[in-house]
Amino acid sequence: MTMVFGVPLPALLGQLLIGLINGSFYALLSLGLAIIFGLLRMINFAHGAQYMLGAFTAYLLLHFAGIGYWPALILTPIIVGVFGAVIERLFLQRLYGLDPLYGLLFTFGLALMLEGIFRYYYGASGQPYATPPSLAGGTNLGFMFLPNYRGWVVVASLVVCIGTWLLIEKTKLGAYLRAATENSTLVQAFGVNVPILLTLTYGLGVALAAFAGVLAAPIYQVSPLMGSNIIIVVFAVVVVGGMGSILGAIVTGYVLGITEGLTKVFYPEASNTVIFVIMAIVLLVRPAGLFGRE
Amino acid sequence: ASVSDGKVKIGILNDQSGVYADFGGKGSVEAAKMAVEDFGGKVLDSAIEIVDADHQNKPDIASNIARQWFDTNQVDAIMELTTSSVALAVQAIAKEKKKIDIVTGAATTELTGKQCSPYGFHWAYDTHALAVGTGGALVKQGGKKWFFLTADYAFGYSLEGQTSEFVKANGGEVVGAVRHPLSNADYSSFLLQAQSSGANVVGLANAGADTQNAIKQAAEFGITQSGQRLAALLFTLAEVNGLGLEAAQGLTLTEGFYWDRDDESRKFGERYMKRTGKMPNMIQAGTYSAVLQYLKAIQKAGTDETEAVAKQLHSMPVEDVFAGKGTVGPNGRMIKDMYLLEVKKPSESKKPWDYFKVLATIPGKEAYIDPAKSGCDLVK
Amino acid sequence: MAEIHTSTVPSDALDDRSVSKSEITARRLALIAGLLLLLVAPFLIYPVFIMKVLCFALFAAAFNLLIGYTGLLSFGHAAFFGGAAYFTAHSVKEWGVPPELGILIGTAGGAALGLIMGFFAIRRQGIYFSMITLSLAQMFFFFCLQAKFTHGEDGIQSVPRGHLFGFIDLSQPIAMYYTVAAIFLIGVFIIWRFVHSPFGMILKSIRENEQRAISLGYSVARYKLGAFVMSAALAGLAGGTKALVFQFATLTDVGWQTSGEVILMTLLGGIGTMLGPILGSAIVVMLGNYLATTGFPVTIITGAVFMICVLVFRRGVVGELAASRIGRKFGLARWL
Amino acid sequence: MNALLDVRGLNAWYGESHVLHGVDMQIREGETVTLLGRNGVGKTTTLRTIMGIIRQRKGTLRFNDQDMMPVPLHKTARHGLGFVPEERGIFASLSVIENLMLPPQIAKNGMTVDEIFELFPNLHERRNSPGTKLSGGEQQMLAIARILRTGVRMLLLDEPTEGLAPVIVQRIGDVLIRLKQRGITVLLVEQNFRFASRVADRFYLMDHGHIQSEFPVAQLGERMDELHKVLGV
Amino acid sequence: MNAPSPQSLGEQRAVLSARGLSRRFGGFLAVNNVDIDVFHGEIHALIGPNGAGKTTVFNLLTKFLQPTAGKITLMGEDITSTSPDRVARMGLVRSFQISAVFPHLTVLDNVRVALQRPNGLAHQFWRPMSALDTLTGKADALLTTVGLMRERDALAADLSYGRKRVLEIATTLALDPKVLLLDEPLAGMGQEDITAIAGLIRSVAKTRAVLMVEHNLSVVADICDRVTVLQRGEILAAGDYATVSQDPQVRTAYMGREED
């Protein structure tokens, strides 16, 4: 067996691939967070809960409407996105003039509540969600047995991340979003309907989280706690990438996922903390994050 | 001879919303109520009341509630106590306050070992029984090289430790172990390590949703195709139901109760099913037995005073639908037969909740540590 | 940025000059009444409950020292509270040190953690600061999860309360109670003194305009770090005390939910007021205790309270009271 | 001929404080009109109310014979009104060119980017740097340029010369004169009296939330005393 | 504070001087090779078109920005890599182009905060607030000088823009700086204030060095001893006002055709 730094090559490659898969979730989630932060200047603490909501919506669609994975992959982000948009209209809009910390606290409360509600009805142990038959099974890559579904996750997240990035960076939308962050009245005075823009943006960010949730459902149990388990790591990813930087969120998401995978090979004890350690170092060297603007 | 404050109050303290909520949860509370009804609703002419609370698997929340129950709510005994850390904490408080606790939900042998209490009892199962049952069965079937996936806390260590000892004693070896945090979502990288370890058994020293997830993901990564076997060391009817037969089939597990064992158990199971919509596992049935036995002990002692009741509990034989015939050791361990079970294939399952084949009955003496060797200093 | 409190607190909240004599007398009387209440409380209410309230009240007051007076919202204060609980519990249980030393060790540990975390966190402001403290605290959480001495999910259990100064037997509930009450009073007094000091004045001005404070020659980083460490130390004092009261140190106390809880207490009671965090923690602890036995998830209520507070109640109970017509008439802002 | 902008009895409030008490002004197409007044009399408020940024308002407001009162803010621009705020409103996170391209074009006759760069060579030089890294003068130029691209019919300019070097002030004066030649209507708020008299056709003098008097540039000489009193120049 | 008093250094030694000062923002050279000397007892004006780099030079001199190249000395000490708060403690104090007061403190407290540090009352977290009462006398004296006594107990936020600028100058003076850097101190002030504050600047300059950025050329002509004109980050001209204002390059780059 080929060895790299005392580790069998297949094990190394396998962990790298698994890191990439985790990174796919980090990237999707931090992308949504970055979009919301970019425009609303608000940390969407409910992002994890909305990811969970995505998984649960897929689950509920299946159990109460018989709607399977593929339609759910499209429907769920729409449903949850609309839910997000409603939240934005009803509540978040009242917080825009205030210190951004209030947005953080509000969504923190929202997250607790959503989680509590699902815990109340579904317990915390998680509900199973079957892998779609078309993606069942796996492919033997030689160094590891890659479940087809996980391969699909990597592809889907890459496509969605790049697509979203293009949408925002290469269209005028991105400029509107950033400008409206700074002075929404003026952007309105230029003839742009900013309130709708804000609602749509929040909806989009939430929809991305929900999309990640549907992707996650067949991998992990559909559990009320799935959001809070991952969200703080994703926050760290966003800090490392530079808050509000779309590209930063995506790239850092994948890179840190892979880094975590590597750590599991060489120093497993640190795999939980490695992202936070990296965050601390980045803060020392570049307080604005790798891709952030001061 | 009388009952203090005119009422016998039993507190059922367990996880009702967390990772282990299906494991005992509200079901245990129902089971306790059934026991009270079956006993006749009154003991020594005093009313019996069941109170319950959710400790969320947090020892601090649990001990808060326990303290409050003992100090201000006149609770006489606390039972169930899912999760070892909680059980140990509450048992310590009960000991200090001289109150009875009967643990059915938690697994650690510490409860009747170093941290035993003269008023503390351990009912349904423990890690030793699991090691002997599930671990032993797999070793016998040729599982000689083990790799452990262990929940990173006392319960996991104790389960891993006792299973390892058993494996080694039977000529097997342990080739590695990884620890994962409680309620971990992703096992892929651990499974990858297990895969490249060369073991032929992957022992899951965890519980509840953790075990369910690990099993699902093992299937995804083709662990079983590549010739390794999974040993779900703590697995019950509730988890099988959660996972579905398709995914769970073929697993070997150890429980102290199976509803489809005989007529008596079926009758009990159906009554329970009517109230909860589910069949009971060993925790819920065990809680029924614990409450019943506690009430019998009060009846016999003629008082609810702790010392007297504890004395009865230690000396009375246990005879009910859960225990069959059991005895209680001086360290508080209730000793009864355990069942080695195998999860049926979907095609073999004839009716709802028809999940298990009984492979063997493990005599209580084999399943549990001899009280004299338990390390409990109450045993002379 | 991050002037969370300027919008929430009447601006004369900290101004204790220009107070009439009769008001001073009234305030003294109120203070004495409060002390008396603290003295007789254990005979009226379940002492363990009050001790819990006092520990959390001190924790919230320490947290409030940071947010209310420097405008920095830490989302990682559980690290100091829970960390100190571990340090105290470990030193008392494993090393057999007396309780007073144990609590000191906890406090010092909290301060040390504060120094380390503060070093990283104070480089940024506003939400950035919050995110960083959250992440660093989470890192500490994982450390606690893995370190041997914390005993993982089990926590450090059965911590002996021991004898205070060698002769006061703390296993007596009443002795423990008065010890906690004393610690609480000392802690709150320190905070009060700290806030109403020349140092506090500089903190306030830094929050108002950081660039200007630098140009006046103040090394802003050091002041912020000072406040951060002070807040961490006092949170540690609260955590260490709690470990003795409940004879426990667990992961719950270092988890982010606890950080959230202390924010809720402060927000609900009133950020930037002296009394707010105390009242807020009483309400939250009561709520938690009540719901613990009902089976209704605490988080639903907690979440809802958070949302309502943020939407309609940003000044908290105390702040709203002070800003109400009656409150303004009686100059309550200066009292609370 | 009807006025392009017709304001009658305009009142406006900030919360409870009543700031405009019945402002009247009529501005014809192609005119450049300057609103003079001391600090705090409500000049900025007048512009913001006309633009629709301040919604707590009463009175008649017609632009191009359309009632503007019910028009939401984001539609005001489409009617042909453009606003350059006192604080300029350059977006820090956008580059100069992005700032320039931001407002949606509402009419074909707006300036092209090339014309703009010819008018403001500084902007061309710094076109890729972030907006707020520009100096004050550069920002002011950018703010005006940005609106010119959209092709608005009427510009509301709030103190475009504040804090600018004399040479830039002159340049901006030149620009305003060129705009007038293109037929763009301008309502200008200005404290710099010399500048105002150079570009304006007509003046409104404002005091405490209403228009005190109105006169053409030709009468400037006769009005000096009044101006002294009201402006303290 | 026992640095040698500038007086003893002799009239010709610069109190603050910079050599080859440069600052690059990405690819853009905002300040390029600037030499500047500020002398005791003099008012030195830094003028130039918008974007010339005046504020940036201020930021460099006060260390709010780190220069890309060059060397700065303050009273003979190299401060090229000193932190901004330390520079301030050494006696180099600035005001800001955009008004910078502590909005929710009273006018009096604004000044007292400035006085706290030089009077050793900054770190005391164990003393009561009344410890600051010893500063009130000094603060009041200063407020009287600048004419802010009437607004003494008002919140700074409630002051009009012009008054805020006055307060800012008062706060700056409270530190009794050796070198005073004022960024457009008169912008936004009414004419009465302009006259008064210009007079004040002139009088305080007698015992210290002042460097100011100002667009109000009549004031510059009036009170400044030396003028440096900056354009595109480079020095275009330097000298007294009369000379500089005749410089044709300065006229085209900054002043324009006539004096508007």
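Should a chain be cited, it is by its letter among A, B, C, D and E, assigned in written order, with residues numbered from 1 in that chain.
Note that in this section a contact is a pair of C-beta atoms (placed from the backbone, for glycine too) under 8 Å apart; a residue touches a chain by one contact, two chains touch by 3 or more.
These numbers come from a predicted model, not from an experiment.
Colleague: Taking contact as defined at the start, I'd like the list of chains shared as neighbours by subunit D and subunit E.
Modeller: Both subunit D and subunit E are touched by no common chain, going by the contact rule given at the top.
Colleague: If each step moves to a chain the current one touches, what is the fewest number of steps from subunit A to subunit E?
Modeller: 2
Colleague: With contacts counted as defined, which of the two, C-E or B-C, has more C-beta pairs across the interface?
Modeller: C-E
Colleague: Could you grab the centroid distance between subunit A and subunit C? Build each centroid from C-alpha atoms only and quote it in angstrom.
Modeller: That pair's centroid distance is 33 Å.
Colleague: Mind checking the centre-to-centre distance between subunit B and subunit D? Centres are C-alpha means, answer in whole Å.
Modeller: The computed centroid separation for subunit B versus subunit D comes out at 78 Å.
Colleague: Quick check: how many Å separate the C-alpha centres of subunit B and subunit E?
Modeller: Going by mean C-alpha positions, subunit B sits 76 Å from subunit E.
Colleague: At what distance in angstrom does the C-alpha mean of subunit B lie from that of subunit A?
Modeller: Going by mean C-alpha positions, subunit A sits 37 Å from subunit B.
Colleague: Quick check on subunit A: which residues sit in contact with 2+ other chains?
Modeller: 119-120, 272
Colleague: When you check subunit D against every other chain, which residues touch at least two of them?
Modeller: As it turns out, subunit D has no residue touching two or more other chains.
Colleague: Which subunit E residues reach two or more other chains?
Modeller: Residues of subunit E touching two or more partner chains: there are none.
Colleague: If you go through all the chains, which pairs of them touch?
Modeller: Result for touching pairs of chains: A-B, A-C, A-D, B-C, C-E, D-E.
Colleague: Note which residues of subunit E are touching subunit D in the complex, please.
Modeller: Of all residues in subunit E, those touching subunit D are 25-26, 28, 48-52, 55, 160-162, 184, 187-188, 190-191, 215, 217, 252-257, 259-260.
Colleague: Could you please specify the touching residues of subunit B with respect to subunit C in the complex?
Modeller: Going through subunit B, the ones touching subunit C are 16-17, 26, 51-54, 57-61, 63-65, 67-68, 71-72, 84-85, 88-89, 92, 152-154, 181-182.
Colleague: Write out the stretch or stretches of subunit C touching subunit A in their complex.
Modeller: 1-4, 7, 73, 120, 123-124, 126-128, 130-132, 134-136, 138-139, 142-143, 145-146, 256, 260, 263, 267, 296-307, 309-311, 314
Colleague: Please give the residue numbers of subunit C that touch subunit E in the complex, ascending.
Modeller: 6, 11, 16-17, 193-194, 196-202, 204-205, 208-209, 211-220, 226, 230
Colleague: Mind pulling up the subunit C residues that touch subunit B in the complex?
Modeller: Where subunit C meets subunit B, its residues are 46, 48-49, 52, 145-146, 151-155, 157-158, 246-248, 250, 252-253, 289, 292-293, 295, 297.
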